[in-house]
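These notes open a run of structures that come right after.
After this come two complexes, each holding subunit A, first together with subunit B and then together with subunit C.
Showing the complex of A and B:
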């Protein structure tokens, strides 16, 4: 019973982290810097849904709006900040510090507009609760799982079998060579920001459905996503998925032994262990 | 007048934080986004030594510097083997862990309620409880930190850490044990931040975990960025600018609750704009 519940919780947490880490890795692959604004973009998506449902939009339309809001915010950060920095050939640390600035700015915009307090994104008790092999799983949690599977599937097909995917992979391998081959790398990176940020938005929305929204939610999502991608091997999509599920399991089984308020600390303990003993991650190349 | 003294004291505390973070980020190139955690370690250690063990402020301060310094060297030893982004992410995680420990280790830290009743500094007959005297004490400590930072960065040690920032491989080729240099500077920076922590704890008389989250680290980072990387005097300018900025918001008539968020937004905006248009900061010498 208890064991089944822990497995279910781990899988759902892993699915949520997968969504955030896929976008994070996609952007990292193309730009080679750690985008700290990614979590705040996820929060923007969740607040997009919060705003739309408050305005009386239906749920499906609100979700589409929220995902688009996240995607557009992501593109705006690229156009206004990262693209000019790329043109100046700034150091990676400059990108990281600028992205921390964006993170702080977006979080403050959310706090000013919607208040710093916590809001449920769905009325409590929405949706059915299923009993799966002794574990109780809510409808929202199944949506999280389904979306993660669908998103990774679509992304995989997109990257593996389309011209667009080939371009992205070329860009991730070597931006200079891609540019020489006539690819408009700057615009492509904009498209990648749009895709990655939409994935972040979806993660933010689903996390909001599961546990509610708060302007500070972005930091936690970002750190979980970042831990997943480092554990999996930063920039590797498959590694990111493995890392996300490993993190989900370690966290949820960890709180079997230690009180649940240490969940965050467990995640970063795992990160530290990986950083010391295997800094390239599970799938990373040396 | 007391309001100005209050601002001046805060300026002193944040200037110490800015100067010490600049040693890591500006001089050594270690993007450490956990200075608030180090600040917290100093504040809590000082508070605990002064309340639970009833030690004299100055003794508590020395011990807190020691605790912060050892912890700083240890995290430096673990994290600074990692390149760029990994180091930065590990530091953000470290900040998160420290706050989580402060919240959850209730028997030691009193959890979210924090520690209150932290005494003001005194030395024999001389008490620094009065705001003017506390400010002067802060100023003297800032002076010591400033002088120490100048001494460190102008010494041969300082030249090696700058070489590490520019090209760590090359520094290694020249036979320097770069890891040890990074551990040493991490410890020194942390011990200095410990002073700021003890000052804050004693000045407010109270510490709680909420003052030391990642956003506070970003604020301290903004001090360094605005003042300029690898410029000790710049960090003083940065601290002055960023401590005064929220006061302007107060005069602009923002309600207190909104003002805190607006302030965070402005710090974020400052980071973005400086990175885009003036990465060397107001008076920085080094273009990061």
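Showing the complex of A and C:
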């Protein structure tokens, strides 16, 4: 019974990390830099819902609004900061530092607008609790799992079977060659930012439903997403999913065996082990 | 000159100008013993969480402080000089509180800091204040480690040595529970109280069957709670602040923990019970018993619009009143204030029947009550 509960806790954590890492990897694939702003974009999505529900919008409409807010914020960061940097052919480190700056900026905007307090995103007592093979699982958690499966599926089909997917893959392989073939790479990267940021927004919203919102929530999502991505093989979508679930299981089973005080350290322990012994990650290729 | 060296030069000039403006706008002050000018306000510092974790406690304590300051000033101030408090946000973290204390000590040059509220805040700047010979009077920090923090460090809120052993006795003797699982926030407060409770409870003959800590920022306590549940305790002792506990209580309900839950004074916050809803029904917590007068309650209601006087507010109110008396008799020299604090015997306050400090700057006595949550409201268990 406790085993079932641990598996459930791990799967749900893995599903949440999957959502964040999918968008993270999508953007990395196209731009070849680790977008630190990704976590804050996720928080933006959650606060979009926070704002919309306070204004009295229904939940479905609020979720759509929140996801769109995240997507639009993502595109804005690309248009205002990353696109000009690409035109200047800035080094990858410049992109990373710029994204860190955006992260801090977005987080501050949230603190100033909504205050630094922690708020539950759903009123207390909403959502049912299910008993699945002896494990207690909430409705929100099933939504997290469902969203992760759906998002992975849609993304997979999109990349594998559509022209749009081919374009993205061409772009990820070699931006210069893609450009020569007549692809408007700058515009395509904008679209990728929109998609990836919407996924981040969804992760932020679901995490908000599960626990609550706080401007600093983005850091946690970013770290878990980045660790999943690196462990799985940065830039690889399948690797990201594997990394996310591996992290979810290692964290939750880890603290079953060692004191739970170490939960935070487990993620980085896993990261360190991978960086030493398999730096390209599970699915890593050169 | 190429463009990058122009940028570097530009930055250097900007920094130099800012530094210059900053240096000249500040009057040079090496001692806190500023000669008394008539009508110039006497400034005190305040540190507590005004945003983030514990903000409800901090804002409520700020309201109590403002009331006390207004009363002192309405009664003519300190020998004609008004009392003024500079409020700084410690965010219940050591880093923020330490920055705030540095500012209060070096820039505002206050003789006394009222605060911090969280134990981690007070611990973070106690050494710096001791070194600068500034008095610290915390109105809510309860970690046992603060007892030894220094000669200038006081608190009018009891150490968790009292609370932890009170809770241990209550659980073992009054509730008759012999097996306890502890889930605690890894802060000075949470770890401190956990340790005292464990020692006392084991001494009484009880058994601690599980002990799980979590990061103050953590919002997923499911696996910790699953582990606790697996250890089959008779009662769970949950030491947390409002934010983590809101989520933790909900998750405990989802996991069907099914045993009574006892918390500590960090739960004396109506926001917790409002946000946790049904998950908080029936939980209990220990809190310092404060002889709140009706007059004080009425003033707090007028100020905050709420009936609730939270755990840290009476101490903040009495702290201001005690300091005002001392400032009137010994002036603003911080060493004189420190010496006078050790002689204090303040009765008729709202935080305790009598406030007096022992040789460590701790209150000499403490009384606790247990509250239980019913219909979203905490009421005292008789």
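One rule holds for everything that comes next: the second predicted complex is superposed on the first by the 283 of 286 C-alpha atoms of A that agree within 3 Å, B and C clash if a C-alpha of one lies under 4 Å from a C-alpha of the other, contacts with A are read in each partner's own complex, and residues count from 1 in each chain.
What we mean here is this: contacts are C-beta pairs under 8 Å (C-beta built on N, C-alpha and C of every residue); 3 or more make two chains touch, one makes a residue touch a chain.
Computed from a prediction, not measured in an experiment: that's the story for all the values here.
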When subunit B and subunit C are modelled together on subunit A, clash or fit
clash
Check the residue A:255 against both partner chains and state whether it touches subunit B (first), subunit C (second), both, or neither.
second
What is the contact status of A:264 with respect to subunit B (first) and subunit C (second): first, second, both, or neither?
both
Between subunit B (first) and subunit C (second), which does A:9 come into contact with in this model arrangement: first, second, both, or neither?
second
Going by the contact rule set out at the top, does A:227 touch subunit B (first), subunit C (second), both, or neither?
first
Of subunit B and subunit C, which one touches more of subunit A's residues?
B
Counting only touches as set out at the top, which of subunit B and subunit C does A:112 meet: first, second, both, neither?
first
First (subunit B), second (subunit C), both or neither touched by A:136:
second
Which superposed partner A:245 touches (first subunit B, second subunit C, both, neither):
neither
Intersected contact list for subunit A, partners subunit B and subunit C 111, 116, 259, 261, 264
Counting only contacts in the complex, subunit C reaches subunit A at residues 51-53, 55, 91, 186, 211-215, 217-220, 222-224, 226-227, 229-230, 242-243, 246-247, 250, 254-256, 274-279
Of all residues in subunit A, which touch subunit C in the complex?
2, 5-6, 9, 13, 111, 115-120, 123-125, 129, 136, 138, 210-212, 214, 216-217, 220, 251-252, 255-256, 259-261, 263-264
For the complex, give me every residue of subunit B touching subunit A.
29, 31, 33, 78-79, 81-82, 84-86, 88-90, 92-94, 96-97, 100-101, 103-104, 214-215, 218, 221, 225, 257-258, 261-265, 267-272, 275-276, 279, 288
Residues on subunit A engaged by subunit B in the complex (per definition of touch)
33-34, 36, 81, 84-85, 90-98, 100-109, 111-112, 116, 219, 223, 226-227, 230, 234, 259, 261-262, 264-265, 267-269, 271-272, 275-276, 279
